[in-house]
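Pasting the structures here.
Here come two complexes built around chain A, the first alongside chain B, the second alongside chain C.
Up next, the complex of A and B:
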């Protein structure tokens, strides 16, 4: 059965269940006994200090970090669709040679199509439309390496829309965004939510999380809290998240 | 069409004055065909080598060919084409570099530096052993290329390698690039990053080894790097980058093979090809300066 999102809308996205997840790198415990449920169609934010395991949680979810415990995606079973849906990921940054002769459309083509990108973009995939949705209409021919950090971040958001995602995993997508970019991100979240997409969103900006997320989890090696943002992000809890526990991160709160 | 028929056709055109007179010689036709087969492949693959920052690696694989040849001659293979040892040793070298890179905390350039030095030391030692057995001047051909001795067997190897490299290169071009942009994003999009890494270095290795006879072990890596570097300087899109690199590598290969014969210059083919590529690179740099001047 298709799940119902937190807002009561029918969700296409999966539910995610982390069950007693442990992740160790060398001798350092990065995640300890993390159990967490993400509802289908939720905008679920994960907050916590740097080094608290937020990105590692994403890597474990995407099957890129060896871990103990269970991580399960429960996809909605009806609608005639078999098997898992589309997972999109928006990384914090991409590593590439800034001088590379690579246009924005070339970059999208490298990510989204099988036909060699040097033969040109496959127009059927809707690159123009995806760029328009992130406020980059008409900038497809610009060199990717010459974009500002905020523009590059928007292109990273655009790639996640092709093909339309059922689950989108965002790793601090607002870091480089300017004011206009933040507004676009907000609209995009609303559109994705309306489409029933499950959104797992690692973010350091607590004010944005308070405004936009339907649920928030505080993570600093262990899960410290999990619930609706207005209640969870009380000053005491936030102070506890950033100052207490495994690694002292008072500085992160101050910044 | 057999090589014999194709050769006769080209020789006929040369005799009729449609092509340079030198091409009435069968050995020069063979040389030209080998350049036309391998040039575009090296140019195309070179764009990925440069983007994935594997220029030093491709140079190192070329140098490893020297040791491969020495092992081949020691093992009793014909010195004109010890392909089994060449391919075997160079693939082992490349796979070992990649395997160790994934499991050590050393940067790529340091690790390749170590492997390259050790491989060259082994090659040099074996060559000294060989010096008493074979005419050491034969090794000049290995070092600097001897395109004029390319025979039908070499052409067959070149054609097989060109086809075997071009097909996966085209089919996996985007995925190979994406793996270097962001491995995590690549994996989410279904790219098996590690396996593709291995596949790519194998493609680079076999195309390099197949080109040793034409360009020579010392310079073979350069035709993977210089045309792509020249194209990167002037291109403004991925299409331009790829097509220009293919064109530059093909022009350099053909010019390097034909010009020394036409002009009666006593230059080895490998040197001439890389000098031609170098001139194209210089031209690309100048063109870039002029374009910048126009913009400014």
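Up next, the complex of A and C:
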């Protein structure tokens, strides 16, 4: 989930450009002509109803969906000297066997290191430090299946920090977090923003989006709006976004 | 600025590479086959030759097969009749002697009559022994000449194509010319029966 490309630290995250992206699975149109630009270093939130294509947009960005149109990452740097940076991905949840005799460190080792996980965690990668950043210090030896939902979500955040990401893609990270976890998440978001990391954040908690995001896009199969959160998250727009007839509203809202 | 395009998930590029590889293999195979054709298996027959498999009548085919076997018998008999001191070669058995041994096609039996009723004569000239069979019915089987070399025990191949003794055919009730060599026979319109091996031969 993290670790795509070399782990070199750079000053700024990439810009992301979605240009007329279509995604059709079977006969179902998931995304239609989605054009969206994410600025480097932005905290860009994507909101929308369930089934609106938010997670599919992320899958397309990660190269896991048969999309049409162009998705481009513009990495800073002079002519590809450094090449693509590190992309981290935090999924909504992980499916796994709770009885699995797997510690938190093992779980991180499976996701983050090149060395086979059965040879043990690679100490140089700083799993303890990453766990400390998400408030899980000293819990590296706990069995992963025995963690609570909120703790598991924190571990998923921790794996995204190794190695330090240039782009972090978050798929509803706050769903399972408890209150303390939300505070930690906010701190983390601030740290990542300070480091210049681009953040693409799928979220349904509009209050949090309004508070933390620098830009927000409404997505329900089509892109319904895109702009700074205070203006965009007006009651009318939000009602339109989550209404049962988004297609008829789409034209009116886009104008 | 480094632009990274996110490619769509799918097997298009793998498919393309597989198709390219398949095309390359096909093109290579086609080129190899085209540039290195198998040599023409069928050797053209000379004007004085006739193919034993396709050009003979049924009676002629039988006579040809019998003559090929008889050539070995005759050669063995010549060797047996050779004087013990080895000063001269053996005498060639006459057709009457061969008929007495019931050696086809010299034996005067029902099948000889059915195959054209050939009358066999012996002609010796120099080192060559020739048995000439004059056909009574060229429509069934033409006249035949069996050419043998006295020195070669019947195994040699002074007469041609590597397939045994020389057997010549002319579809006429006509005695062979006085000189029984290949040039004279060919000049008189006789044709040598030859076996050619082509791709169609399965046995």
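In the analysis below, the second predicted complex is superposed on the first by the 228 of 255 C-alpha atoms of A that agree within 3 Å, B and C clash if a C-alpha of one lies under 4 Å from a C-alpha of the other, contacts with A are read in each partner's own complex, and residues count from 1 in each chain.
The working rule: contacts are C-beta pairs under 8 Å (C-beta built on N, C-alpha and C of every residue); 3 or more make two chains touch, one makes a residue touch a chain.
Note that the structure is predicted; figures quoted are calculated from it, not measured.
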- Message: I'd like to know which partner A:120 touches here: chain B for first, chain C for second, both or neither.
- Response: first
- Should A:84 be classified as contacting the first partner (chain B), the second (chain C), both, or neither? second
- Query: Where does A:64 make contact in the superposed view: on chain B (first), on chain C (second), on both, or on neither?
  - Reply: both
- Please indicate which partner A:74 is in contact with in the superposed arrangement: first for chain B, second for chain C, both, or neither. second
- Message: A:99 in the overlay: touching chain B, chain C, both, or neither? Say first, second, both or neither.
- Response: first
- Touching partner for A:182 - first (chain B), second (chain C), both, neither: neither
- Task: Please indicate which partner A:110 is in contact with in the superposed arrangement: first for chain B, second for chain C, both, or neither.
- Result: first
- Task: Enumerate the residues of chain A that count as touching chain B in its complex and touching chain C in the other.
- Result: 62-64
- Query: In the complex formed with chain A, which residues of chain C make contact?
  - Reply: 1-10
- Touching chain B in the complex, chain A uses residues 59, 62-64, 87-89, 91, 93-97, 99-103, 106, 109-111, 113-120, 141, 143, 169
- Using the touch definition up top, name the residues of chain A that touch chain C in the complex. 14, 60-68, 70-77, 79-80, 82-84
- Message: If we count contacts the way the header does, which residues on chain B are in touch with chain A in the complex?
- Response: 47, 51, 53, 170-171, 173-174, 177-178, 180-182, 184-185, 187-189, 231-232, 235-243
